[in-house]
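What follows is one structure encoded as structure tokens, with my remarks underneath.
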Amino acid sequence: MSIRRKVIGTLAIPVIVGVILEAICLAHGQNVITNMKSFNNFVVYTAIVMITTMALSINLNSGRFDFSLGSMAALSAVIGAKISYALLGGGSGSAYLMLAITIASGALLGLASGCVYVILRIPPIITSLGVTLIYEGVLYTITGGKYVMTEVQNVSMSGFVGTWIHAAVLILLIVVFVIFLFDHTRFGYNYNALRSGQKVAVNTGIREVPNAVGCYVVCGALMGIVGFLNAARNTNINGGQLNFGSIAIMFTAFLPMFIGSYIGRFSNDKLGYLLAAVCMSLLNSTFAVFSNSITASVQSIINAVLLVVFLIYLNNEDLLTRLFVTRGKQAGA
Amino acid sequence: MEAGSEKTKQLLITLLPVLALAVLFILFCTFVKAKGYRLDIYLKTIFNQGVVLAVVATGAIFIYTLGSFDISLGAATLFAATVGVLTYNATENFPLMILAIFGTAVACSLFSSILASAFHIPAFVTTVAMLSVLSAVSAQIITTKGGALGGIGIPKTLVKPLDNPPFKITLLAIFFLVCFFVFQLTKIGRRQKFIGGNPVCARLTGIPYNKYAIIAFTMAGIGVGLGAFLTLVYTPSVTTTTASGIGMNIFVAIVFGGMPISGGARSRIHAALIGGFSYILLNNILELALEGSSAYGITQIVSAVFFLAVVCVTSMNYRTDLLPR
Amino acid sequence: MKEPILQLKHICKQFGSVIALQDVSMDVYPGEIRGLIGENGSGKSTISSIAAGMQKANSGEMNFKGQPWKPVSMIDALDHGVGMIVQESGTIAGISVAENIFLGELDAFRGKAGIINRGEMNRQADRAMQAIGVSHVKGAMPLASLDFQTRKLVEIAKVNMKHPDILVIDETSTALSHDGREIMYDLMRKYAEEGHAVIFISHDLDEIMEVCDTLTVLRDGILIRTFSKEEFDEDEIRTSMIGRELQGDYYRSDTCASRQEEEALIGEHLCLGEELKDVSITLHKGEIVGVGGLSSCGMHTLGKVLFGAVRPETGSVHTPDGREIRNEETAIAEGIGYVSKDRDIESLCLSASIRDNIAIAGMDKYALGGFLITSGQEKKYVNRQVKELSIKCASAQQLTSQLSGGNKQKVVFGKWIGCGSEILLLDCPTRGVDIGVKQAMYQLMIGLKKEGKSILLISEEMSELIGMSDRIMVMKDGKVTKELERSTELTDAVMIRYMI
Amino acid sequence: MKNNRLFKAIMIGGVLAGAMAFTSVQAAAADLKIGVLVADVSGEEAQGFRAYYENYIADNYDVEFVYTDALEDAAGEKAAIEKFVSQGCQAIISLSSSDRATQLDTCEEYGVYYAIASGVLDDELFEAYKGYEYFAGQVGPSNATEFEAGVKMGEFFKEQGVTSVAMYGAFIPNPMHVFRAAGVIAGLGDTYGGTNDMGGMIGQIFADQKVDPAKVEGDVELCAYLQGYGDTTTDEINAVVAKEPEAFLSVGMATTFFTQILNEAGIPFADIDSFTEANGAAIKEGQLVYLAGKYSSSIGPVFALIKNAVDGNVIRDEEGNAPSFSQGYLVATDGASFDEYYVADNGDTPIYDKETLDTIIGEDVTYDDVKALVEAN
């Protein structure tokens, strides 16, 4: 693939999406990004979508379905919030402390989830059902089913998401980290080998258990960051998400994951997730512009339709190309 | 001797879900009695809670058997009930309402499967999309039509006579027997299991996937329709959150009933029935044991641990050197 | 006599209740090419994979170069000098050639901060491929872009790169074409000359007798006898493999082609990309038509196209009275059965029982009123097949995954014969099947021919084609290059001329 | 063997659980056991109510309260009532409103007393059910009161001379919130769809499923609107803040969800909620400038109705139907006025303390006694 094609392929989707959405907004006398505040929101939301998508894709690409992402995010954020509040009482620096604790507890929750999987050796979709219920239960028990607010409502927290810089730094660090880990280390090479040739890789002597557990730990840590950002952005954490109330977050990551891996064909799938997240965030900002007329139900319908349409495109790409090529030929003749 | 004990173990594992249900039932009765509560009402309530899940999940088994899954069934139940209520309120015709409920349920189900097969996309993804669309559309309808009541409903006198266990048990029994018949005694069930076990081989044995997927989704649709109908019989009103818990509980019920989520040869038509009631019983036992509302979280934790333990034991014989996916 | 380089002492191995190896002791000497032969399930793959670290024995000891030998994994074994090329695919499609070659051994390329030096890895992979005489495959290529045979060469390069003291090759030759085999034989000879040892496992008695210096026969997990080159005798080896003299004929005893006038299945002007170029074929009743060629010649695709599993771009498959075979369903309705080359994936549902697998195709036969299936009828139907094909199993409820290759293939045959198939499309039906079962299958095919059924036998084994077919179509690069009638004159050499 | 161990573990677990069942029987059951249906476990108001019942009432009367988890739908409410009945509850107090009709029917069927403590029935429904034998009555702001509360909030800001406001419709089409929202628009001096008549406005809001800013006309502009709470809420509130309204008027729950964001943005806001500690902080240190609220103990009279009914004195109105009492709101606009209500209604000394409640509990208490006390302020 030529460099030019790579660049075009990589940037095509985000640019087209941006242009279309901006055009829609302009037609109504608005902009997608109206001011600095909405730009801040845009970057923060991009970070959230990108990280969730990465966390989802790590395990899903290996055929491991993980319903527990949402519960890990919420639970680790609550743990981070409670501890940091106990230590600093919401004073300065408590956002950074909470972020650190949340990442650590997210990683621990991921570790626990991974251990359940490798010890029980039952299909991950089933262990993740159990783990989700357990984490939701713990979350409920810690919070009494209430919204956690006092612990996350302070200047430090609102300052963290009040500027795009923190989120941008997080995005940069995570993209670099994930590319480093999955494309340039032994862990990543082994991950890729196990992903597409589990049996051969294991027979060759690659240790699958630590690799799988490692994936869960990374996943948990990433969801910890998501939990933190959501807590800061929403200024609360919902503690009452029993009976799979926490899994919705996972579905929001499907569309960016598919878009991201499509973009990844031209460059790197991690970069693809970032650009896909940018697209989703642009869409989200557009919804915000029209929030007076587009309700949450309409948004979820639009998202669902986009998901299906994009997947139809992905799975019938060859068919479509063939269709257009033959049509072109006929037209030419 | 080796083979003998192996067989006993096998049998034990097969019977474990049934045993678990029996043990849970006895435990539940013991608890209720020990607390001095009224067992008759409690049993009725539990049956009412469990029957909708059992019916919807039993229909869903056909989908799971194929190795596919559908998380939109809860939303479909809500949507079918919504359409049913609208139909009755527009026509005041009870049979037409029932027809509308089943028609809608089957249509929703078929739409996912046909969309998936026509455009070659994984059925799972279409069901994720359906989940959003169906719940959003239902919510829109319910809140628009419901107005000051916050929900829509049919006159309670219409379904009151039906709100009794014998009627529901009869419906459940008929539906289960039909499913059992289709699953166990006809080519359909056998072929679906085969597809779930090895879709490539199934195709090369002349079993068309799409045809059996459509049958499976139709059966699931019928289950959803019956579930929606039973929901209306229990409470003649529909709110935006009606049946919201069902979608995910189907997973738990089926696994609890001793069937692998990936379907295939080990699929069991009775898994949902047994698993569904076991799960409801378990939750209620824990609720009784850990009284006090702060214990809802703990209840869920204990029940999840129990769930994992059951799966772990029932899948004991299917371990491989590789981690399962 | 030289000291043995590898000593296996009293090795035992059990899989659940199945005994795979029972007290096997064997010495391998430097400079020898040791053949391991035996029927399926005899334990030859198990013993070699234990030596190569792929699995562990339940009891027994091993010595390697005089030291106790306890490899943890295949990589560990390879690092210490025992390398194995496995029977199934040993490569991973989703990653590059270089990543496959250095799978599990990336530490050599770890630089600062644990970053893997990809460029260096690719360069070394190029060199490894060149070392076995393959220069067109580069380390940076995605493995998925290579065909099955080239992937096997990557595996060979991977093992060769380590210059192991013992090279174990398990049934690899079935996956290789003539060229590939030559590369492998050369490599084996080179190893023997350099004073290393080679353990070569194969089904193909002719091949193994030609290549090996010594030959060890295993049967039912027990070491039966080791033959030295001077003692090689085809009949004797065969007898020790199956534990009795082969009774009756192996291939067909008649020497003339025969067929009924009536046609059974017609394929006309079939084209499909590079794989089929205007292939026409007519099957008669009571006829066995052989299709031979290199693995990549398009003959496997031909089988699928005739069964309707793959649609040709142009041309059609139809019955003599003009009903078209559009898909698998219509094929089966016309009484066509298809036995795939890839048995475990395409012909069987391994997680299901023997009963489920045999019954699945024949439901129309025994279902009451065409849809009602009763346990009694089904059992009767299945048991008849189990008995007629003498499938070795505890009961029809046993999972097919627990059966040996030969018995699995019998189940597949049972599935198609039971439902009364008139036309059988057999793609490498005796692949990975031992002599005893092979013979049974040949006899079965002869019986079917006599009943007036038609058989298309696609095979990579020339002796089988010559021994069984009324007519052989030789294919090359998607085209039929020659049609040969059954005759005693026909030899491998004649066929090879049209294949290459 | 490993399997056997697991089987054993499960068996032992079963036996232990069975033993627990026998030991966990309540030592001394209270005289009166009341089941409480709740849909919200996390709101400020809900928590205040709960604390009052569980800490104050339960300590002062021989009564035990059993709470549900957050109920999601009509089926959940019905099942909860049935479980309460089998657990021996003599009465049900409802704070959950998915399907009130079914709740009433179910209680009537099982013969347990039933009272509504929040979100009263609308007139039509009340007419249909007021004759039920076990319907002990409802106490709470009537719909007219809700509308009035909204009007007052709107007028407060109009008087301050705002010209552009944002609005949070809470859980429209929840009727309570619809009436309040209509009131706010009327109070601002605006019209909705060309009318400022209560009936006309709420009809349109129910039909629109929300307040459509385009339909609001008048001197005060409604520049942004949002409602509900979900995944998109944060984006919506951010969009609202971006439009820089002069005030943010909420018809409920804003103090739970948005205090932090509005404080940050420096937008004065108003809410209808209750007098709790967190709301106190918001009014004293934050941007909360107007709070219409209920006492946490405002659900005391409902308890009195239930207690009387169970004790045999079922209170009926003049026509012999279930009573319906309307409670008003108290308004705080600064820390001082907040404290006046908050301190008065706190912990051990609620406004409806034992002494006050005892005046409406007993065999001789009449409809007028209760009405006099409840509708006093």
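As written, the chains take the letters A, B, C and D, and residue 1 is the first residue of each chain.
The rule we apply is simple: a residue touches a chain if its C-beta (ideal position, glycine included) is under 8 Å from a C-beta of that chain, and two chains touch if they have at least 3 such contacts.
Keep in mind the model is a prediction, meaning the values are calculated, not measured.
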- prompt: What is the shortest path, in steps, from subunit B to subunit D when you may only step between chains that touch?
  reply: 1
Statement: Larger contact count among A-B and A-C belongs to A-B
- prompt: Looking at CA centres, what chain is most distant from subunit B?
  reply: C
Statement: Whole-Å distance, C-alpha centre of subunit C to that of subunit D, is 74
Task: Could you please state the distance in Å, as a whole number, between where the Cα atoms of subunit A are centred and where those of subunit B are centred?
output: 30
Task: Averaging only over C-alpha atoms, locate the centres of subunit A and subunit C and give their separation in whole Å.
output: 45
- line: The distance between the C-alpha centres of subunit A and subunit D, rounded to whole Å, is 36
Task: Would you please write down the residue numbers of subunit A that are in contact with two or more other chains?
output: 144-145, 242, 296
- prompt: What parts of subunit D, by residue number, touch at least two of the other chains?
  reply: 41, 69, 209
- prompt: Which residues does subunit B have that touch at least 2 chains other than itself?
  reply: 140, 245, 296, 312
Touch relationships between chains, expressed as pairs: A-B, A-C, A-D, B-C, B-D
Message: Please output the residues of subunit B touching subunit D within their complex, sorted ascending.
response: 9, 12, 23, 27, 30-32, 34-42, 44-45, 48-49, 52, 140, 143-144, 146-151, 153, 156, 231, 234-239, 241-245, 285, 288-289, 291, 293, 296, 309, 312-313, 316
Task: Mind listing the subunit B positions that touch subunit A in their complex?
output: 115, 119-122, 125-126, 128-133, 135-137, 139-140, 245, 247-249, 251-252, 255, 260-262, 294, 296-301, 303-305, 307-308, 311-312, 315, 319-325
Query: What residues of subunit B sit close enough to touch subunit C in their complex?
result: 2-3, 6, 184-187, 190-191, 193-194, 197-198, 200-208, 264-266
Task: Under the touch definition given earlier, write down the residues of subunit D that touch subunit A in their complex.
output: 41-42, 47, 69-70, 209-210, 212-214, 224-226, 228, 230-236, 238-242, 256-261, 264, 278
- prompt: Can you list the subunit A residues touching subunit B in their complex?
  reply: 62-64, 116-118, 120-127, 129-134, 136-142, 144-145, 198-199, 202, 208-209, 212, 242-244, 247, 251, 254, 296-298, 300-301, 303-305, 307-308, 311-312, 314-316
